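As written, the chain order gives the labels A, B, C and D, with residue 1 at the start of each chain.
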Amino acid sequence: MDAATEFKPWSRDTMASLVADDIPEGWYVNLGIGIPTMVANHVPLDREVIFHSENGILGMGPAPPEAEINPWLINAGKQYITLRKGGSYVHHADSFGMIRGGHLDLCCLGAFEVADNGDIANWATSENDTAPAVGGAMDLAAGAKRLWVIMEHMTKDGRSKMVKKCDYPLTAPRAVKRVYTNFGIFDVTPRGFEVRSIVPGMSRETLQARTDAPLYFAE
Amino acid sequence: MAINKFVRDMAEALAGVKDGSIVLLGGFGAVGQPNQLLDGLIEHGAKDLTVAVNNAGSGRVGLARLMELKRVRKLICTFPRSRDPVVFETLYKAGEIELEIVPQGTLAQRIQAAGYGMGAFYTATSVGTPIARGKEHREFDGREMVLEYALKADLALIEAWQADRWGNLTYKDAGRNFNPIMAQAAELTVVQTQHVVELGDLNPEHVITPGIFVDRVLHVPYGDPPIF
Amino acid sequence: MDAATEFKPWSRDTMASLVADDIPEGWYVNLGIGIPTMVANHVPLDREVIFHSENGILGMGPAPPEAEINPWLINAGKQYITLRKGGSYVHHADSFGMIRGGHLDLCCLGAFEVADNGDIANWATSENDTAPAVGGAMDLAAGAKRLWVIMEHMTKDGRSKMVKKCDYPLTAPRAVKRVYTNFGIFDVTPRGFEVRSIVPGMSRETLQARTDAPLYFAE
Amino acid sequence: MAINKFVRDMAEALAGVKDGSIVLLGGFGAVGQPNQLLDGLIEHGAKDLTVAVNNAGSGRVGLARLMELKRVRKLICTFPRSRDPVVFETLYKAGEIELEIVPQGTLAQRIQAAGYGMGAFYTATSVGTPIARGKEHREFDGREMVLEYALKADLALIEAWQADRWGNLTYKDAGRNFNPIMAQAAELTVVQTQHVVELGDLNPEHVITPGIFVDRVLHVPYGDPPIF
């Protein structure tokens, strides 16, 4: 570990806003549970990004004030939401048809680990997990046009989550295109992780020291 | 003597349901769940059931209660966690219930495949994961896929918003979810509906489940799902 | 050929009405092009039989008077129709899902040949047919819960269409449950064609003489 | 800078369509056919096309005209007969067009399978017939089925009744037919719509094709199909 750490890791909110900034108007986007959900808060309504929820909702809007909750309108995370003008409802086969048929421009998921070949592990922490909950993660990871991961760079006990090879059971192989962590933004390329940006104040050496997989820097 | 799929009571709604049935259970979260039909199934007594459903039940009511009574042999499900999954987790740890984990889209597609008469299909979902282990793989246009089988059922329990006497259905908001495809995939489809409408009141362009997929309808005007 | 033929073959209209009499209220029924289409004329509207058309229509009603034609509402035979109260529209995948998923109680088709094991040939008259038109016939024959055939008993040049083995390319094997001809009504059973009724005045011997496949009579 | 899938003219609607494309053509009979887009495609000049459609065109207009101009290499179709199929029949007899006959339900399912990301599926339709010859067979629950492949397309031409600027669509009566599933199965989906509505005018429960499946929409208020 380096001695002088003068950087301040990005907050979860900042990570979400960095993702939001990279989403062009007009994209169809599914946001996973956790930090990904926060991305929607950083997309202004007048920049039209169309959010999809696995339970048959296209054009999901922000959470309603408590007094205006519609008990029939929840998202895949079971949170109360609204529907935007132009939104629509479909059944589960059509909803996952959107996912599996490659119609979503982007899916953002959290992860336990991402490998530098794009493998993602985000659903089970052991091959022997007694009752792992997969939900729609495998459909999303395999089906969306692009998969971006948003996660802390390291585990609470200090291990890198950006790895050469995932230890946990995979959600999908070679699926991740980009990773946003509290330390930086990384593209998954044929040679591995390429650093797009680093949190201000962190050196390349420090970033590499905290990352299991080798990093590449554009000149 | 006109067609009338409405039944008078729960006993009529679930008459003839057999032990050992494969049951599709509509709903996602607390929305679009056929709660009263589930209570009816508990009352009915059918056992040794295989239940396919998105979540594994909360607390000690509905599906959780059915499992607690040891009436569910096997659960086919995508997400066996929920707000309060104590019943399922206890049974599962004790080896008293079988679990088949299916990705949510694969579950939806297996159900629709059954309704459409397909035997099986190939999908990219789960390739390279433990869920694909032991399954048949094949490449299509350079993409590896696994073979998944249609999931035919004996019984589907469905919640609808409106129904007419031919069994035409609409749903409300996120209450649609698995309900329309489950209605297509079972030998016997039983619906609980919030509202009853006259034949002809539903616009033919707006019917979501045509009556051909529906066998029995019970009027259960229970109101909104609980807000948590 | 027998000398004394005192029988009068059923007309196409009578054949259609015999089929109509055998359809219970509440059945979902698809009627093929030709004589089968005429069956609907013999089902009174107050006996609710729900007619399906392959192009996404459930609850098809009778043809409209010319002045009331809706140019957007045709059946699979491209004829103008009406929609009954309680009818609905679906897209082609859902419409054929009804057929292929075994949801139709009955399909009535015409045929070139029916074999006594239930094979039906109704779409092509030769293996070398230049551009055979299959339409939805194979889906209907393989998918409906019951397949009944309505056809003339013999071809115009005097050959039996009720055969031991189809010469023409099959539409589906072992699919037909019952055959209505202008000479009689026949169930397809494990031992072959069982005669349910004969046109008045025709002897069993005459019927057999005009039928390629062996016939069985209940006592 | 809001989303706006409406295009101003036919040139914009069909910009970038390439020779050799696989094209899905909506409609059944004369209803729900994207006639003006077809005329646009004739004008556009793309050739060496594979066209999947229910019927093989009538007279010397639309699809028949496109074939007459020798721009269609192959037709994938269920029923190559129609009111006046002279163009197709002439070309076919002369060996100047390839024909793949597909049962209508198999065609619909192959299209939907592509839209849903399946590689292939097993169906009982066509088993025991010349159409199943050479195809892979397999038994499911004692029933013989054949393997059929998803039919992915480069371009879908669709006719709708109403459209908004997000590309949400409704259809009219029997005009729905193949259009919604074709919209899901193509890289580029171009729609001609009779009516334009404001965003929010379509009830979210009544949208048949959500805009995610639509790329470009051209307003073509041509009125009713001709009555024959």
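Simple rule for what comes next: contacts are C-beta pairs under 8 Å (C-beta built on N, C-alpha and C of every residue); 3 or more make two chains touch, one makes a residue touch a chain.
Predicted, not measured: the structure shown is a model, and the values here were computed from it.
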Winner on C-beta contact pairs when C-D is weighed against B-C: C-D
Taking each chain's C-alpha mean as its centre, the one farthest from subunit C: A
Geometric centre distance via CA averages, subunit D-subunit B, whole Å: 33
Subunit A and subunit C: spacing of chain centres that average the CA atoms, whole Å: 56
Between subunit D and subunit C, distance of the C-alpha-averaged centres to the nearest whole Å: 29
Averaged-CA centre spacing for the pair subunit C and subunit B, given as whole angstrom: 35
Residues of subunit A whose C-beta touches two or more other chains: 83, 89-90, 93, 96, 99-100, 143
Multi-partner residues of subunit B (at least 2 other chains): 109, 112, 116-118, 123-124, 171-173, 205, 208
Every chain pair meeting the contact rule: A-B, A-D, B-C, B-D, C-D
Footprint of subunit B on subunit D - complex, ascending: 109, 113, 116-124, 138, 140-141, 143, 145, 149-150, 170-173, 203, 205-206, 208
Touching residues on subunit A, where the partner in the complex is subunit B: 54-57, 69-76, 78, 80, 83, 89-93, 95-96, 99-100, 119, 124, 127, 130-139, 142-143, 169-173
Touching residues on subunit B, where the partner in the complex is subunit C: 1-3, 112, 114-118, 164-166, 168, 184-185, 199-200, 202, 204-205, 207, 210-213
Touch list for subunit B against partner subunit A, complex: 28-31, 56, 78-81, 83, 88-89, 92-93, 99, 101-106, 108-109, 111-112, 123-131, 171-181, 208, 224-228
Subunit B-touching residues of subunit C, taken from the complex the two chains share: 25-26, 28, 46-48, 50, 52, 58-59, 83, 85-90, 93, 96-98, 100-104, 143
